[in-house]
Amino acid sequence: MSHSIPPDIRCAQDYEALAPRHLAAPTFAYVAGGSGHDLTVAANRAAFGQWHIVPRLLRDVGTGNTRITLAGEDYAHPLFLAPVAFHKLVHGAGEIDTARAAHAVDACMITSTLASCTLEDVARAGGPQRWFQLYFQPQREATLDLLRRAEAAGYGAIVVTLDAPIQVASRGALALDFRLPPECVAASLAPYPAAAPAQLADGESRIFQGVMRSAPTWDDLAWLLAQARVPVWVKGVLHPDDATALRSAGVAGIVVSNHGGRSLDGAPASLDALPAIRAALGPDFPLLFDGGIRSGADIFKALALGASAAAVGRLQLYALSVAGALGVAHMMKLLLEELEVCMALAGCATVDQITASALQAKRTPC
Amino acid sequence: MSHSIPPDIRCAQDYEALAPRHLAAPTFAYVAGGSGHDLTVAANRAAFGQWHIVPRLLRDVGTGNTRITLAGEDYAHPLFLAPVAFHKLVHGAGEIDTARAAHAVDACMITSTLASCTLEDVARAGGPQRWFQLYFQPQREATLDLLRRAEAAGYGAIVVTLDAPIQVASRGALALDFRLPPECVAASLAPYPAAAPAQLADGESRIFQGVMRSAPTWDDLAWLLAQARVPVWVKGVLHPDDATALRSAGVAGIVVSNHGGRSLDGAPASLDALPAIRAALGPDFPLLFDGGIRSGADIFKALALGASAAAVGRLQLYALSVAGALGVAHMMKLLLEELEVCMALAGCATVDQITASALQAKRTPC
Amino acid sequence: MSHSIPPDIRCAQDYEALAPRHLAAPTFAYVAGGSGHDLTVAANRAAFGQWHIVPRLLRDVGTGNTRITLAGEDYAHPLFLAPVAFHKLVHGAGEIDTARAAHAVDACMITSTLASCTLEDVARAGGPQRWFQLYFQPQREATLDLLRRAEAAGYGAIVVTLDAPIQVASRGALALDFRLPPECVAASLAPYPAAAPAQLADGESRIFQGVMRSAPTWDDLAWLLAQARVPVWVKGVLHPDDATALRSAGVAGIVVSNHGGRSLDGAPASLDALPAIRAALGPDFPLLFDGGIRSGADIFKALALGASAAAVGRLQLYALSVAGALGVAHMMKLLLEELEVCMALAGCATVDQITASALQAKRTPC
Amino acid sequence: MSHSIPPDIRCAQDYEALAPRHLAAPTFAYVAGGSGHDLTVAANRAAFGQWHIVPRLLRDVGTGNTRITLAGEDYAHPLFLAPVAFHKLVHGAGEIDTARAAHAVDACMITSTLASCTLEDVARAGGPQRWFQLYFQPQREATLDLLRRAEAAGYGAIVVTLDAPIQVASRGALALDFRLPPECVAASLAPYPAAAPAQLADGESRIFQGVMRSAPTWDDLAWLLAQARVPVWVKGVLHPDDATALRSAGVAGIVVSNHGGRSLDGAPASLDALPAIRAALGPDFPLLFDGGIRSGADIFKALALGASAAAVGRLQLYALSVAGALGVAHMMKLLLEELEVCMALAGCATVDQITASALQAKRTPC
């Protein structure tokens, strides 16, 4: 595994093109794939192609920058690392190296509950800005313990992911018979007992009475909000009514996301869901976006359509597989510079100035 | 012909992919094809792709189920077996095995007038919920006799199919020179004399004065409704005006269908026809849907757009060819579980909760 | 050149598929092609795909027929043979055999000014219903003489084609170096002197002052209308304003056409132009349609969108090349039966009953 | 390098098809490519395909011509040569030969600041109608000197290009490792010192504080307008608000352009931007258009959608590479004749008569 940057990487997306050289085919299929027939994966990408960015002339952007303030906190730029499980799948040091890269480029990394390093180790390796992604555990005590550990480790916010109580595997990964290797365990969950398999009575459904009986509900969220000492975000929102209900419930912000197409196959592109959600929430409510971002232009479009900031999922793993921590840092730098080029040519000196009027819906099917 | 389930069947649609291994090419072409250039077959499939299912968060679906009540009768789920002729074409035991499978998964099977087993044999083999699909016969006596036999055999409803007075063969099947093998006869029709070929006067049309002169009209339907002692449904409705006229005529329900693209090539996708028909009929009139269903997500979309229940045609034959009765039962189980996954992720605990608001029209051409 | 019908002809369009076996490649390219990049040829075909035909149930069409009355004259069906130059290009007997076929199927053939047999010979060979397509000649005397000869030969209407003062060749035919063979001459024009090549002064345009100086204008049409003793139609109308102006000028009917994509490359599909023209003219003005018809469903759609009758161009030549007069007659019979099937399944017993309500715009891009 | 016209050139666009035979692959990739993934290059072309040209009948265009008056000046036709850098890349004599060709066909050539011949040499070689394209130089004195030299050399207008402060290279050209050969230098810029590389403080952005700090602003434009003794146009406008602001600032005209897709990858097609800009400026303000023109029909569409005149970029280089000055002149003649054919068939005797009513938006996706 080479840890220097290949010379033919010219934009962030090139890490996606090169990753298959550094990953076993089933692993790449697992990462690149989504759920089922990967319809939502494809939709996520196609959605960006529906928008053009309109250049503007003669504006002075010489003092431009990408700084943002999100829920009262300052960030160097609007680019986050989305929570992604099991980084060791693609790179020996796992999340430790990702965290180092994030630190190097002043990016806030959201560590997954399913990280292959413990949340404490990741916290130690990374920079000052870190968030923790929480999955509700079968037992409330385990959930609470995870929360307290994350708070203790200095995670500044909790992102609870709610869109994936069921995950149907991607047919591509199934076809290649992908299996998680033994070194990929959810390190932070080691202390907690495994969930007992659901006992179904006759005529009960494996889905409704099985998996879903233990899925979190509004009550569970209320409980979590009452317990948490740091802001709680909810990840996986696609419907405006869920967004406004979550705001009323007291969450600090939401992440518009379809889990990178890895939850319900056939769900809308997250970019397509974004404008209505922003409209429902009004201009100020904190809103993170992910799903399909492969370039700075994609980030620009998400910001223009209402995101306060944007996160990348797969690109992290691709860059990590190609060139380790260096790759992740480089990939992030490329994304940011691509974003700055768009801002400069669209005449936006700050992230605030990126609005829907900078976009034009595509008229022409190419 | 293997009768165990191949290991690489991971979703209901996989039976379609595997069927060509179990069927002669002309037979597969005949089943898979529609009419003419198969335009409507393609449209049926494409229509489902125009809709996304919007996930909802945190709803309690732990007591969820798929039960429905249709025209006063309870069903374990909203999935029917559409009437399909000549099951012996793909499997030695023919409809007998399909009926067993239907029974095993609590599905109502609609036996075709053109079944390759007699309606009485099919009734004996299957479960308590069975409907009979009726084609008007050249002689009223034959039609009436069929009706009486179906009633006597305990079929709970009659589905009279009206959309196929003419069926132009699919070019694909013609090209492979498909012919019905001798064992495929319409077993239930054996007692009745064959229709005399139409005698055309000079200048008369083979279509208008030939085939269509004996096609059923509103009067014939009125007669049938007067005779029948069980509810009568009409299958093949695509126009809202026909739907409301049929309701006024007294049918118990309608089946929105284009005969799986096997009647008028160029007819609209049946899913595209569905919303206007539901709108014309109001929310309560019983409405079955078929055409192009290959997954639980497709069923979910049909239910959301107004169907009370949905039926599968070709999937039956595909599963039957691959793994006999076991295959059909397995295929149905897969469809139902796929439906339950969609319901769970869309936050619908019951079929009633599946409404158009769960869908979003596709914005993005992929 | 075989003159029996190949067994694998199952629909009218199959003649198009088989023609390349009977024609030299440059000849096929010349016939199949249009102008330039063949954009309008493609648009003509694609336009039909934008419409579905909605089946209707239970209507009595047992007395159905395809008869129409057009400008006071009765026709057995709404299908004409469009004027097409040089039939000898594809078949030794040329227009003589086409005329025989037209007669056999009671179709009105519109003989081209550029026929490779004289208009008198074609008239003798064919049936009682014949129209003559007129191109204005460089000298008025020649035009007038042609008109008088056509009237004398019993042509019941004159169709003056106005859309092709310039014809840029198709790139496909150019690439194969197609040239008209010596036997293909405009037989009816033999008596008249060839046009003198335009003399251009310095700075004058080969287009404006060359070709177009002798192109017909409204004055020429008025002159023609004053001279003609039979009804005069105008062919090549795509704009509603031209249509209404022509009606005011006194033409008996118009042909909505883009010359089969052989005039302005990039002109709209003629089917797309049809509805607005019918709307501008009101329901009763005689309106013939051509462009892209390959099936009875296409004819049905043209009739539904406002055509009084429809004409086929290329299919004539394809059928003629494959099986001579027999082929043309067979192709026309297939088209008519395909039309009747659509009428029957759409519940239309007569051509009058084919209206826009029988169509549904395609919702789904396949 | 052959300097006679190949026999298989039948339309202007054929020069694009043949250019790869006369250019090294990296050079062709550099010319044909745009920026990044060439999205805007593709959009430019696709936009023309969204419009049909509607033929009109019987109009007298025998006195037709293509003359226009633009900002008070007469031109033989509405076709300009867009400013294109480094013609020596494709042809030994560079801009000298292009200027000769322009003269031969009475076309106004806009010489680039980055011409590989000096602006004075190009002026001497060409015809009386010449414009100069100006890039702001790092030092105002250099900019002013260029302006004075252009005025002194008889350039009738200055076109200041503002859309390309940053140009990301096309991935295609990067992949082939294209590099400008040593003979390709910006000859007119030889007298001026090279720009000092930007000095970035810690944390400053290579984009905002680097490249963009020296990009021209509204003040710079005001300064230029005050200095210039000839009319000043601005090139690169895509937003109506920029267009109206530029008019208020006092520019003589604008060029709607996205730099042929070589500036912001993902910018709208320039044809798609055109109608709104014309609407914002009203009917009379001088407006040049470029981007994607490959045929006379494309020019017609641009004129119909609001352009006063149109310019070609790449076609110049393609024709120059294939057949030198002769090729460029021939290509221009072909374009003009293609335009005249469209005008004639659309019934437009003059450029003024080409209006939006001559177009019809494409209804049918082919």
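For reference, chains read A, B, C and D in written order, and residue numbers begin at 1 within each chain.
Everything that follows uses one rule, which is that a contact is a pair of C-beta atoms (placed from the backbone, for glycine too) under 8 Å apart; a residue touches a chain by one contact, two chains touch by 3 or more.
Just so we're clear, the structure is a prediction, and the values are computed from it rather than from any experiment.
Chemist: Count of steps on the shortest touching-chain route from chain B to chain D?
Modeler: So the least number of steps between the two chains is 2.
Chemist: Over half of the interface residue numbers used by both chain B and chain C, so same, or under half, so different?
Modeler: different
Chemist: What rotation angle takes the CA atoms of chain A onto those of chain B? Round to the nearest 5 degrees.
Modeler: So the angle, rounded to a multiple of 5, is 90 degrees.
Chemist: Just the number, please: Cα centre separation of chain C and chain D in whole Å.
Modeler: That pair's centroid distance is 42 Å.
Chemist: Just curious, how far off is chain C from chain A if you go by their C-alpha centres, in Å?
Modeler: Once rounded, the distance between the two centres reads 60 Å.
Chemist: At least two partner chains per residue is the criterion; list those residues in chain B.
Modeler: 49, 365
Chemist: Going by the touch rule set out above, what shape does the chain contact graph take here: line, ring, star, complete or other?
Modeler: ring
Chemist: Given the complex with chain A, which residues does chain B contribute to the contact?
Modeler: 8, 10-11, 49, 52-66, 297, 337, 340-346, 349, 360, 362-366
Chemist: Can you check the complex and tell me which residues of chain A touch chain B?
Modeler: 36, 39-40, 42-43, 46-47, 49-50, 162-163, 165-166, 168, 171, 174-175, 205-209, 211-213, 215-218, 220-221, 234, 236-239, 242, 246, 258, 263-269, 272-273, 365
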